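Below, chain A partners chain B and then partners chain C, in two separate complexes.
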Partner chain A sequence: MIRAILKGLFYLVLAGAAATFLYPFIWMVLGTLKPEVEIAGLKLWPSTFTLESYRAVFSKIPVGRAFFNSMLVSTLVTASVLLLSSITGYALSRLTFKGRDIIFGLLLFTMMLPFQITLIPMYVLMVKFHWIDTYQALIVPAMVSAFAILIFRQSFKTIPGDLIDSARLDGCGELEILFRIIWPLSKPALITVGILTFVNTWNDVLWPIIVIRDQSMMTMPQMVALYAVGGQAEAQVGNILAAATLLAVPIIIAYLIFQKYFIESMATSGLKG
Partner chain B sequence: MVAPYLVHFLVITAFPIIFSMVLTLHRWNLLSPMQWIGATNFSTVFSDPLFWKSLWNTFRFLGIHIPLQVGSALILAVILNQKIQARGFFRAAFFLPVVVSGVVVTILWKQLYSTDTGLLNSLLMSVGLERVEWLTSPAIAMPAIAIMATWKNVGLYVILLLSGLQTIPKQVYEAATLDGAGKISQFFNITIPMLNPILLSVIILSTINGFSLFIEPYVMTGGGPLNSTLSMNLYIYNQGFAFYKMGYAATLGFVLAGIVFAVVLLERRYIESDTT
Partner chain C sequence: MASVQISNVRKVYGNDVVALHDITLTIEDGEFFVLVGPSGCGKSTLLRMIAGLEEISAGDIFIGDTRINDIPPKNRDVAMVFQNYALYPHMTVFENMSFALKHKKVPKAEIRERVEEAARILELDELLQRKPHALSGGQRQRVAVGRAMVRNPNVFLFDEPLSNLDAKLRMQMRVEISRLHKQLQTTIIYVTHDQVEAMTMGSRIVVLQEGRLQQVDTPYNLYRRPANLFVAGFIGSPAMNFFSGGLSGDSGAFAAGEAQLALPAEVAAALAKLPGGKGTIGVRPEHIYPAGSRNGEPDDAIYKVTVDVLEPVGSDAYVYFDLGGCHCCMRVDPSQGLEAFAAGNTIQVAFDQRHISLFHPESGADSGPDSGLRVPTGEEG
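Up next is the complex of A and B:
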């Protein structure tokens, strides 16, 4: 009897929590499809569906351009992190060379460094490189990731040494070994690093706000944030919610498809970070 | 093969750290030449009322956010660790806000918190309660942001704690039951101590993430009302990128990094010695 009541209570808590997390998103998406007057108030379902909010967003800010910028930057950063970090991860796990331990120490140091220390000088660096309002400012500082190197190093260590030795005997170069033999055997690590890098780059907003001023170079989170803060939305809640929905949807769709990988990847980064 | 990393480290990490140290000893607005002022920036920090205000605000945020987050994550994780149907669905639902951009979450909650038309006040009024000025009252705005930040991040900590709970062997509980220990005593004498390493990482992670509070007040309140939601990061941002005080902003960055480091060290020391 007590057990059954307890069980019921458990489900009640879980269902309440699930509703707390999901309802606001549902309200947001449906809100973008309502006429403006209906958004306030408790009624969830629109009386008539309208795309007016989206039309307004597209006509007021170059949101298509921002979407393109975000896609481009996130894709290039992810590709670069996968490539360059796995090369270094391979060297650290599979090659012996002078200074390897020092480099490993530097990696740990980089990971623990609070970003507040490098934020201002990084901005000055971008000014001196004349990279303000360019893709370089958004991409180059993120091209290598210490965290990704550590994940790759950990993962590559588990691959049997015989495989690598016999490939060397067959005359494979180190890069060939990495991409032909190690990559196909390290899919979980590649997926983890890929998802984390893409999502973090897509969602990052502090750095773009600092190095991008020109509207045509802005990424989605920055443009949407400034749209919500500034006067361009003219206090139309529907427009602001529509802009936020456009920013959220690509990640939500990816999350619905690759849900298991998302949760595993982010839990890994939580424990190691 | 380590060349890409080394180049990146030298340009993007090593140089900025050294340059940042140089900046702390100068007054500089990016345009005119740097002006050596010795340790003046540091003494300015300690007599700067807005610095203390932002420090107090940040600790106020952490004081609400961390207990709320660890507590609710622990409750949800313990329940999810029972024999529960549809566990996958609940996990996925709790985790959704974690993957979504903080900008989206902030915009969404700004509407939920709206005094006149927000969902939360509509709910309060429908059960006969008074409206709350969530974001316009200096006393409530920061707690409101702390609640929102918990809503956004708690799913991650549920997953971390759940994975920790699953590593506790069932035999330990069975033995305790045989010895006559009740569920509640088992929770405090077995679950919490055995979860200690993960609990510690969860608290440290919440702390580090909490100290980087920026976009939430930036979008929601702009640091107001009456600077009551001015976080340390927002203050650094304002000094650096609104007033172009590069030297002072770099100094604030170092001071904040030192504070984060000290708090994490204290947590590590206090929480670990607490149970072992």
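Up next is the complex of A and C:
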């Protein structure tokens, strides 16, 4: 009996914690559906539902174009990180060549550097390449990730060497070994890197603000940030919340689809989200 | 099918770790050749060098007439069966077995035919659509063999393929692989650390120790005429009993610890030629017997010993005791009763004088009479 009560209490505490995490998000979504005057109130549920906030956002900023830009940039960066970082991770975990460990050490070192340190040299490079206000500026600097290489290297190291030797005897070259043997066995690592890269690229505001000025090239978070703080939202909280909700939707959808692998990978790799 | 010629092959890791020292071997076409030795002796390294999975530091390897040193693994026409099966977990049994053939762009109909034929021989027909995780250890091992079979390679390489199986399954697979070799008549190079596997399967065996070749011979000769102390101790289970000592005056007896062991005249003569008349003599457990147990035959010399341990293993029983500084093992027939051999009992034992080996005191090389021990030419036990 006491055990049942304790269990009930435990679940109650967990439910309370979950509500703490979920409440701001629910408040944001419902806030977008309330008339502006009700948003500041304590009531969660709107007295009347309205899509006025969304109408305002769509009329004031080119949401469609920004959404397209964000989707294009995030997809290409994610694909490129998966491809190039896994190739590098494979080389660092499975091939023997001179300087391999030095290269790995350097990669780890770059992870320790805050982005703010490389920000200005990167910007100068973009200017020299004439890539300001282009997709290249948003995509190329993010095409390989040291973090992804680290994850892939560690994950590929767990695959038995005999499998790779066997593939070699069966006629596979190194790239075939990677894509036909190792990739199918590393789904959790691929999905983790994929989701983290997509989310990070999607949410990035600082770098796009620096290299993109042309409104037609702006990404969603950049657009929403400028909309929220740049005056276009006219201090209407509902409009800002609607823009933020639109920004969050693709990430939530991606997470719901891949959450099983994501959680599995986090559990096995010991990574924190 | 092809022969394999290994000529002065060396393997050096880094600058100074030598894994293999100048190995020279010829493996005949269609032979079942076993590489055996303790862990770390270099047997798997040699196999991997033949497969192309390890670089050859020096020397040459030929398959048939082709020097394969610089040929990539996929073009050497060898198939390998790994210790942990190395089946692709995301592919079905059929996909695993057909993977190499697909890669070679063999027509689909032929792939199906070859896989189904191998599956029939190995009794895998019902399992072709299963994934490896849904198979037992023995089934996985058979798939690994089948995957090698369908390629019709010049040489099969087996790297301790039965080590992960339980004892019963290991014995079953041993028979299956031997039968398969008879059927296919393909050259097989088989690595194992299990000397029973080596003795039962190989037509010839090479014994390696610390990267050096110790002896290459048939299982029978290896057991009967070990080239040195290491081979004598490694081949045979329980191991040969060794007594270190030297000639005792002019009596012709061998002084080992406090014991005086009788030697046949030829062995004593051979011992006298060794430095200081010193050496190591070896007697296998089956060549020590309870005194008076040979029907009518007189015992050459009798030693009184105290039984330390009695170890019945079903068909045989092993009696352990101390004699002449050696913890000796004697094989006895349990059907004759084991009461007399209870631990603590004092018993009398004798050596079969026809089967005493002699080894050099320093090099450990076989130094018995007639350029080896006095090996019986017949089949007497």
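Everything that follows uses one rule, which is that the second predicted complex is superposed on the first by the 232 of 273 C-alpha atoms of A that agree within 3 Å, B and C clash if a C-alpha of one lies under 4 Å from a C-alpha of the other, contacts with A are read in each partner's own complex, and residues count from 1 in each chain.
What we mean here is this: a contact is a pair of C-beta atoms (placed from the backbone, for glycine too) under 8 Å apart; a residue touches a chain by one contact, two chains touch by 3 or more.
If you're wondering where the values come from, they're calculated on a predicted model, not measured in any experiment.
Of the two partner chains placed by superposition, only chain B is touched by A:V13; chain C is not. Judged by the touch definition given at the top, the superposed model places A:V205 against chain B, while chain C stays out of reach.
Of the two partner chains, chain B is the only one that A:Y123 touches; chain C does not reach it.
Greater residue coverage of chain A by touch, when chain B is weighed against chain C, goes to B.
When the two complexes are overlaid on their common chain A, residue A:A79 makes contact with neither chain B nor chain C.
When both complexes are overlaid on chain A, the residue A:D165 reaches chain C alone and has no touch with chain B.
Judged by the touch definition given at the top, the superposed model places A:M143 against chain B, while chain C stays out of reach.
Of the two partner chains placed by the overlay, neither chain B nor chain C lies in contact with A:I132. The touching residues of chain A, counted against chain B in their complex, run 7, 10-11, 13-14, 17-18, 20-22, 24-25, 27-28, 31, 39-42, 84-85, 87-88, 90-92, 95, 97, 103, 106-107, 110, 113-125, 127, 141, 143-144, 146, 149, 174, 199, 202-203, 205-206, 209-210, 220-221, 224-225, 228-229, 237, 240-241, 243-245, 247-248, 251-252, 255, 259, 262-263, 266-267, 270-271, 273.
Contacts from chain A toward chain C in the complex involve residues 160, 162-163, 165-172, 181, 184-185. For chain C in complex with chain A, the residues that touch the partner chain are 48, 51-53, 72-74, 78-80, 82-84, 86, 88-90, 99-100, 103-104.
Across the complex, chain A is touched by residues 1-2, 4-6, 8-9, 11-13, 15-17, 19-20, 23, 30, 75-76, 79-80, 82, 84, 89-104, 106-112, 114, 116-119, 122-123, 126, 151, 155-157, 159-160, 163, 198, 201, 205, 208, 211-212, 214-215, 218-219, 222, 233, 236-237, 240-241, 246, 249-250, 252-254, 256-257, 260-261 of chain B.
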